[in-house]
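Shared between the two complexes below is chain A, which pairs with chain B and chain C, respectively.
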Partner chain A sequence: MDLDYDFMISDLPTVLAGLPKTLILTFWSMLFAIAMAVVFGGLILSRVPILKQSVIIINTFIKGVPLTVQLLFCYYAVPYVAKGCNGFLGYQYNPRHIPYFAAAVFALAANFGAYITDVVVSSMRAVDRGQYEAADAVGMNKFQGITHLIIPQAAVISIPSMTNYFIWLLKGTALASIVNVVEMLTTAKISAADGYQYLEAYIDAAVIYWAVCAGIEFMMGRFEHHIGFFMRQPESRVRPISS
Partner chain B sequence: MPTHVLQSVLPGLLQQVPTTLLYWFVPSAIALLLGTLLCIVRVGQHRVLYWACTVFISFFRGTPGIVQIYIIFFGLPKLFWAVHVDIDGWPAGAYFIIATSLNLSCFVCEVLKGGYLGVDHGQIEAGKSIGFGRFQNFFRVIAPQTLQISILNLKNLEIDVLKDTSVAYTIGAMEILGYANRVISNQFGVGQLWILGVAAIIYFILCALLELGFTAASHHMERHGRRS
Partner chain C sequence: MSTQKASTNGIVITLHDIHKTFGEHEILKGISLEVHQGEVLAILGSSGSGKTTLLRCINALEIPASGTVSIDGQKIDYSQKHSRQDVLHLRRKTAMVFQSYNLFRNKTALQNVMEGLHVVQKKSRDEARQEARKALADVGLSEFEDRYPVQLSGGQQQRVSIARALALKPSVILFDEPTSALDPELVSDVNEAITAVAKTGVTMIIVTHEIGFARRVASQVVFVDQGRILERGTPEEVIDHPKEPRVQAFISKLSYK
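What follows is the complex of A and B.
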């Protein structure tokens, strides 16, 4: 198999230069996704009559539609939205600089927000009921109990699922390359266009994605181990009778 | 709502539904087989095979699906050319199916592994004790219970795969989204949001049907475990 190994090695820094853009896209999408998930999850948990049902309907629809379709929809819709926002908060509409990055962030955040809502709801429900009673017993009111006792525990419970979705999102940002957002895959594509060495550039990109995902998984595992100390069972001094 | 856009586009979109279902079904069938084999290696004793499979799975789980599709799309012809086989005539859909099958196998393997570890070990010993051979034990005891435990995770995977068929248009395979995109560019973007909206609703209906099917299947599988 004739791969251009020299190009593959020399192109690696070029592709790596696209990594920060991928990470920035991931960061903003994750931030808005979590914000959306917290609001939606709060509405579901607080059982506000009509809002709860509408949140569930919105989430179900978002989950049933491919991310690709959502990205393309936002890509085509963003010029209209940008035109409508002309003059709003000092934003100047410029047809030459349409905010495709913001469109991609919106699509990714909406998509992953719907999934992360489930994580928020199930983590909050996973906290032991006794903790609420404990908050009552030490004289905290409901708000204090939730902010001081329940949310910190739910956050730790949700770390493994959040890590999963974070990695999914990092991989999902590669799809943003189809809507004119310059991130790592687009960088690889552009760098390969001169000599039609696409395969080499894509292998570079794959290696970087692989390394980043493996690194994040490892780090979050350590982090959870570190922060979740209170959930570990204390080591029993009595050896259990082996069966 | 421009009715004429809908009238002219909807039949064409619906005609692409079988293609999308094909791009969903073939990888699913291959992945169930390949995933089972990977899973047997992952829970088995062979060290070299175990590590080879672990690296393989880690790669496919750690890189975006679209990158894998591109690599297969550009790499497979080169690989075949090295042994003097020309596969340039293959349709783009074939590359998509190969890439998705490999990707999905790794995810199916992990789901099945979780299910296998959830099967009570006593069941396997019970199978041996009544004289089942290895294959009989696998098909009569291990496989049904593993499937029953992992069916809900499999359902999520299959829905993801059905949705990810829409990525196929990036390498030129024609399916629902590919057709929608072609119509959009043919019409210079007239009614683009409506066309994409219709495509979204078709995908949503397909996903809902798949979900109903899997729920019925899992209900059917749990029939022995229910207490009346």
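What follows is the complex of A and C.
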């Protein structure tokens, strides 16, 4: 088997041009996923009757259905939804421009939102019980304690898991290529079609995915190390100054 | 806010017939107490006697099953309905020093002390900072104000926690075994800080295992056993000349250490 190395190198910029679309898709999906996770997680943690159970049922449903199925479902459902939304908030339905991008964001956000809900819940629960008690003891009400003390600590605790899901999501956007969203993988596929050099183009894509993911993981690791030093065990960082 | 001193004959805290159960288990079986303004009350007792639970019932970290708690004019009768607001108002009359310090991990020493002043008592940041600096100076930690809890030793953390309690100017400060999590060589620093606080005339209730320390700092001592107060009186009475055999056994066992 001979790989066309010249094509592989010359095709790299072409494939790379699809990266912004992948990143944008990842960004919007992650944003909505986190928003959903915070709301759902809040409902679970505050034990709102009925709503809590509903959230748990919705999440098990989302987690129990393959992401591919959800993407395909949204792909086929979006024309109907878009048609129904015609005129709503100034939106004009145009059968030539079905909002497939929004449909992909919706499917990805719902799927990852269900998983990230667990991250939100477990991070909040991972904050030391004593912190809640200390907040009570200085006379804070629940809201004050949660906003000033618990959420800042839970956010730091959640960084490693959030980073994992972000990377997983970034790779998950490749699936959006099956529902008409031109992201990096689709760009690679199109560029390869002329000379049937798919293997070369996909290797390019794989290298770029790997480089971006490794870069994000490294950066988030540094970020967590920097911002989260106060959550670490004392032995691991600073030697206490004896009094 | 207004701490009317000596509101009822100088009695700051009244507990009446406090009961507390965890499941089937009755931890407190009817405890009544009075603490006067400026008094330092030491609560002694063996592990599992209910002394920590008793302390936590005072600031409603544990909600008693029945009985009344009244602190400086703020009263809750737990056999009747009480709102979250009632609990909050009662709690704001108190401050607590925990066994495991429980400093806010995401805040520096100074911010730890400021937090209650600014967020709860609604003082301006500048005013809160000023008062917090003074409280940190009182426990001898001025130069550590910008350190996070992870950057402080256990003894230093506990002293910050004392400063945090002190700065709130509560009607009473509750100490839950403040030195039992510390390395032995750090205990004296913390005990000194507590003694210094006691001398300023703040009312304090201290749950402790350290008989010697209780003997020195307390003006009143109660001995709790199996959810009841077995003996109460001055340190001379309870620690030096206990009447109850149970208390005698406890004291003698500890003083031979």
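Observations on the structure shown:
The definition used in the following text is that the second predicted complex is superposed on the first by the 234 of 243 C-alpha atoms of A that agree within 3 Å, B and C clash if a C-alpha of one lies under 4 Å from a C-alpha of the other, contacts with A are read in each partner's own complex, and residues count from 1 in each chain.
Keep this in mind: a contact is a pair of C-beta atoms (placed from the backbone, for glycine too) under 8 Å apart; a residue touches a chain by one contact, two chains touch by 3 or more.
If you're wondering where the values come from, they're calculated on a predicted model, not measured in any experiment.
Annotation: superposed three-chain arrangement on chain A; chain B versus chain C shows no clash, the two fitting side by side.
Within the superposed three-chain model, A:Leu149 lies in touch with chain C and out of touch with chain B [touch as defined at top]. Of the two partner chains, chain C is the only one touched by A:Gly130; chain B is not. Computed from Cα centres after superposition, the angle at chain A between chain B and chain C reads 110 degrees (steps of 10). By the touch criterion defined above, A:Gly139 lies against chain C but remains apart from chain B after alignment on the C-alpha atoms of chain A.
Looking at the shared chain after the overlay, A:Phe229 reaches chain C, while chain B stays out of its contact range. Within the superposed three-chain model, A:Ile203 lies in touch with chain B and out of touch with chain C [touch as defined at top]. Looking at the shared chain after the overlay, A:Gln92 reaches neither chain B nor chain C. Touch criterion not met for A:Ser46: it reaches neither chain B nor chain C. With both structures placed on the common chain, the touch criterion links A:Pro66 to chain B but leaves chain C unconnected.
The minimum CA-CA separation between chain B and chain C in the overlaid arrangement is 22 Å, rounded to the whole angstrom. Listing the residues of chain A that touch chain B in their complex gives 1-3, 61, 63-70, 72-73, 76-77, 167, 171-175, 177-178, 185, 198-199, 202-203, 205-206, 209-210, 213-214.
Those residues of chain C whose C-beta lies close enough to touch chain A in the complex are 59, 61, 84, 88, 91-92, 94-96, 98, 100, 102-107, 115-116, 119-121, 148-156, 159, 164, 168, 186, 189.
Of all residues in chain A, those touching chain C in their complex are 128, 130-131, 133-141, 144, 148-149, 152-153, 156, 229-234, 237-238, 240-243. Against chain A, the residues of chain B that register as touching in their complex are 58-59, 61-68, 70-71, 74-75, 78-79, 81-82, 159, 163-167, 169-170, 177, 181, 184, 189, 192-193, 196-197, 199-200, 203-204, 207-208.
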